[in-house]
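The same subunit A turns up in both complexes below, where it pairs with subunit B and then with subunit C.
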Partner chain A sequence: MKFEKHCLWALMALGAMLPFVVQDQYVLHIAIMVLFYAILATSLNLVVGYVGEFSLGHTAFLGTGAYAAALLSTQYGWPIWATIPTAGVLAAIMGFIVGGITLRLQGPFFVIVTLSFAEVLRLVADNWIALTNGPMGIAGIPQPELLKEASNLAAKQFYYAIVWALLALALYLSFRFVHSNAGRAAVAVRENRYVAQSIGIRPLSYSMLALVLGAMLSGMAGGFYAHYISFVGPEVFRFAFMISMIIMVLIGGKGTLVGPLIGALLVTFLEEYLREAKELRLSIFGLAVIAIVLFLPRGLMGFITQRREARSSAATSLQSTPAADGRPA
Partner chain B sequence: MELLPQYLANGLVTGSFYALSALGLTLILGLMRVVNFAHGELYMLGGVMGWWATTRLGLDFFTGLLLVAVVMAAFGWLVDRLLIERIRDQGEEPGILLTIGLSIFLANTALLVVGTAPLKVEAPLSAGPVFFGDIVLTKLRLFAMGVCAVLIFAAWLLIHKTRLGRAMRATFQDPMAAQLAGVRTANVYAATFAMGTVIASMAGMLLGSIYSAQVSIGGLVSMKAFVVVILGGMGSFAGAICGGLLLGVVEALWGGYVATGSVDIIGFALVILTLVFRPYGLFSKRAERA
Partner chain C sequence: MSTSALNHNAPAARRPLTVRGLGKSFGGIHAVKDISFDVRPGEIVGLIGPNGAGKTTCFNLITGFYGPDTGEVRFGADEVTGCKPYHMARMGIVRSFQKTNILKSLTVFENVLTGHYMEARQPLWRTFFPGRAVRETELAVRDSAARIVQMLGLAHRINTPASVLSCGELRLLEVALALAAKPQILMLDEPAAGLNSQEARNFGEILKTLLGDLVQSILIVEHNMGLVMNVSDRIVVMNFGEKLAEGTPAQIQADTRVIDAYLGGGKKA
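Now for the complex of A and B:
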């Protein structure tokens, strides 16, 4: 827990320093996307990593947030300070509805029904032209007043600050959730549903809490995305988004708070770097995913914690005094 | 209302195609519990190879179908022994991720090799219309329905009447007990996956001769197949057929009377409703497994 906390502080501090060091727009854009994906991966991790149910419908919340922010700012002229939290609240409500229906199911059924929800929303966004403008999407989402005069670089820095703050919020809430009684109860459900039930934990309420929290965070990320890209179309519900998120969580290591951050960093960079390989890009990406499942089943963080545990247990057995337990190795 | 019989007929034809394309997934998802996101890509490979066999190699349809079946059986066997076997019994997550990786790889590699254009598989007979009173169908579609029925029946026979089928049923009831009784479960798993692959690819080739084989079709096919398998209840052949027919008919009616744009919603709405009211599928007798 301490190691995790230190890692989070260090990563966020590094993130905070970045815009002062880097003055390049392209690098800042990549950094913004990394932080954006880190929020999504963190929010997905709450469900996949701590409740242990494999949700493939997280784009439903992302898309709800993005469309909410886009509509509120284009139709009603709401400023960005209002749209992002509202997007979060609406996505949380959506999470409550979806969770109420899906969380009673487990295993493959849960996987497919969550996926169905995302697909239904995508088709609604595609067909409800009066509201969503159909496949054309909503373009020209207004930029904040503040940025009217600002240069492109300053705009990037502004958005970087917002996404950094959102990620900090996401990590803070996740940390508080994971290390609370509710979080421990959720982990108990993940490890063994029947045992958890037998000691009085109601699986539905804790998994619902995690899902609603995750939905709210990804809805806020969606709201941010709408403003930053200034265009929202039905693609936000696409399965491709979902694939990126899942791969990030699993590469980094599900059930750890640091893992999704590292996953987001790795995948975003991998996708950018593989651009050089042009058409081969996605084929290589597919192979990389297969290799990770086979050779790194617990993700990078899982691998590192395993090493640390092995080291510290080796150290304690060397000293062979019970007092050495608990001291950081 | 005078169009109703035609809608129903169209729905039944499409429905039998859905059933056929989902049959492979019934085996892989329903029995092996691998949530196979590469299912659509296996279907796509069947169509693309069928095109290659019939137009490039100049084989006739049935020889081509046989060739596709043999090659894809070997492919499925290898995929199971080399990839799926390593993540067996680890829950569904690794399987999902693995098959997503596989589907990304297969779809994009196929894209590099044959491109995006729709490919026409040479059909075994002409596409002339057939009239039943007011209802119009094409010969080709009736033929495809016939092949569907034969394939489904053959798969059923294999599972219920052969030694391999007995070993399969034993393995999926209780792998440990099956192993103790001398069943080589690794081979049974591989055979099941290969069988699912073969059925999916044959469906791809057959339907490629009616519509066309397209590299990018995989995702859509996977989704429809998931819908059908969930509707029918996991691992039940009769369920998959009913699920497919139900989906086809409801989609045809919705498309005919309500709106064509939103037809794809129907399947997902059906799945959500089914799982709300009958959490283990419409026709499933399975109780919760601890």
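Now for the complex of A and C:
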């Protein structure tokens, strides 16, 4: 818990310093995408890592948030300060509805039904032309007044600050959840539903809490995305987003808070630098996921924690011999 | 199911568990038929019988994992028949499982800490904005978890992942996990399975120390006759889903029907 907390503080502090060091728009754009994906991966991890149900429908919440923000700002002229939280609330409501139906299922059934929810929403976005403008999407989402006069670089810095704050909020809420009685209850449900019930836990309450929290966070990320890209189309429901999120959570380590951040960093950079090898890129990711699942089932962070635990228990049993003072994990 | 029953969390009330005419069939097979018995405050009751006699089904019926076809379960004055498992736990009836059931990827301490779920429950917003009250509760449950681990003799294993414990340690951890929920009635399903005779004896001693201080009464299903006869105040014998006999350990050991059905004739045969 301490280690995790320190890691999170260190990563967020690094993130806060970045825009002062880097003045390059392109790098800043990638950094914004890293933080955006970090929010998504963190929110997915709440469901996959802590409740232990594999949701393939997380784009439903991302898309709901993105469309909500897009519609509210283009049609009703809401400012970004209002649209992002509202996007979160609407996605949370969507999460409650989807969860109410799907969380009664477990294992493969849950996976399939959540997947179909995202797919249905994509079809709705594609075909409800009156509201969503169909496959054309919603373009020209207005930028905040503040940025009217600002340079491109200043705009990037502004969005960077917003996404950093959103990620900080996401991590704060997740950290509180995970290290609370509610988080322990969710883990108990993940590990063994019967034991959970026998000690007084109602499984649905906690899988629902994690799902709604995750939905809210990815809805806010979606709202941010709508403003930042200034265009939202049905492809926010695409499976590609889902794949990126899954890879990030798995590579980084599900069930850890730091893991998805590392995953988001690695995958976004790889996606960017392997852009030239378009087709090959997906194959490489596929191989990477297979390797991770086979050799590091708990992801990079799980691996590191395991090493630390092994080392500290070895250290205590050898009464802290010099062998234990290797490089810090 | 009575919802008013759910508010009785006060440990003060010493209530008996009353089972009357409990029955359940699975596709024409009567797994449990017309079972009645009581577990009174301050008692350890043993539930024994041959394999397939319906003991575990009985447990599942009482704790709400199955809904009974007939009969009723009362806890004090409250009718609790067919309540959800987590309702039963919240009322103070906590069980362990026959197949070892613990939270495998967590450490011993984390397992027992998780068991304090009900004690550490808080309003939802407190999860995200914990104040001093929550921190104090956390300290208290951590303290209590450490004490329970200590009491069951797992102190040297406190930070060991549950997945690497020995069979005997696992059984103790299961009891610790159930105890952490601070039950009034503790229901143990074959807690000594896989223990050697020395471990089983120690386990029996631990059980006796629990009574009074930590739990009000214990209902135990067990095949280790040495253990059951030693710890139980009363024994209920089941055979083919029906109640065969009930009495003190001495009465049961002398009962010819029980000997025929389960205990075996030994030297007399």
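The criterion applied here is as follows: the second predicted complex is superposed on the first by the 316 of 329 C-alpha atoms of A that agree within 3 Å, B and C clash if a C-alpha of one lies under 4 Å from a C-alpha of the other, contacts with A are read in each partner's own complex, and residues count from 1 in each chain.
The definition used in the following text is that a contact is a pair of C-beta atoms (placed from the backbone, for glycine too) under 8 Å apart; a residue touches a chain by one contact, two chains touch by 3 or more.
Being a predicted model, the structure only gives us computed values, none of them experimental.
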item	value
Fit or clash - subunit C, subunit B, common subunit A	fit
First, second, both or neither for A:194, with subunit B first and subunit C second	both
Touched partner set for A:283, first subunit B, second subunit C, both or neither	first
Dominant contact partner of subunit A by residue count, subunit C or subunit B	B
First, second, both or neither for A:20, with subunit B first and subunit C second	neither
Partner chain in contact with A:243 - subunit B first, subunit C second, else both or neither	first
C-alpha centroid angle, subunit C to subunit B via subunit A, nearest 10°	80
Partner chain in contact with A:76 - subunit B first, subunit C second, else both or neither	neither
Partner chain in contact with A:117 - subunit B first, subunit C second, else both or neither	first
Gap in Å between nearest CA atoms once subunit C and subunit B share a frame through chain A	11
Shared contact residues on subunit A - subunit B and subunit C	194
Footprint of subunit C on subunit A - complex, ascending	172-173, 176-177, 180-185, 187-188, 191-192, 194-202, 209, 313
Footprint of subunit A on subunit C - complex, ascending	63, 65, 84-86, 89-90, 94-97, 101-106, 110, 113-118, 120-122, 124, 127-130, 134, 138, 159, 177-178, 180-181
Complex interface listing, subunit A residues touching subunit B	48, 54, 56, 101-102, 104-105, 107-109, 111-113, 115-117, 119-120, 123-124, 126-127, 194, 239, 243, 246-247, 250, 279-283, 285-290, 292-294, 297
List of subunit B residues in touch with subunit A within their complex	29, 33, 35, 83, 86-87, 90, 92-94, 96-98, 100-109, 111-112, 219, 223, 226-227, 230, 234, 259, 261-262, 264-265, 268-269, 271-272, 275-276, 279-280, 290
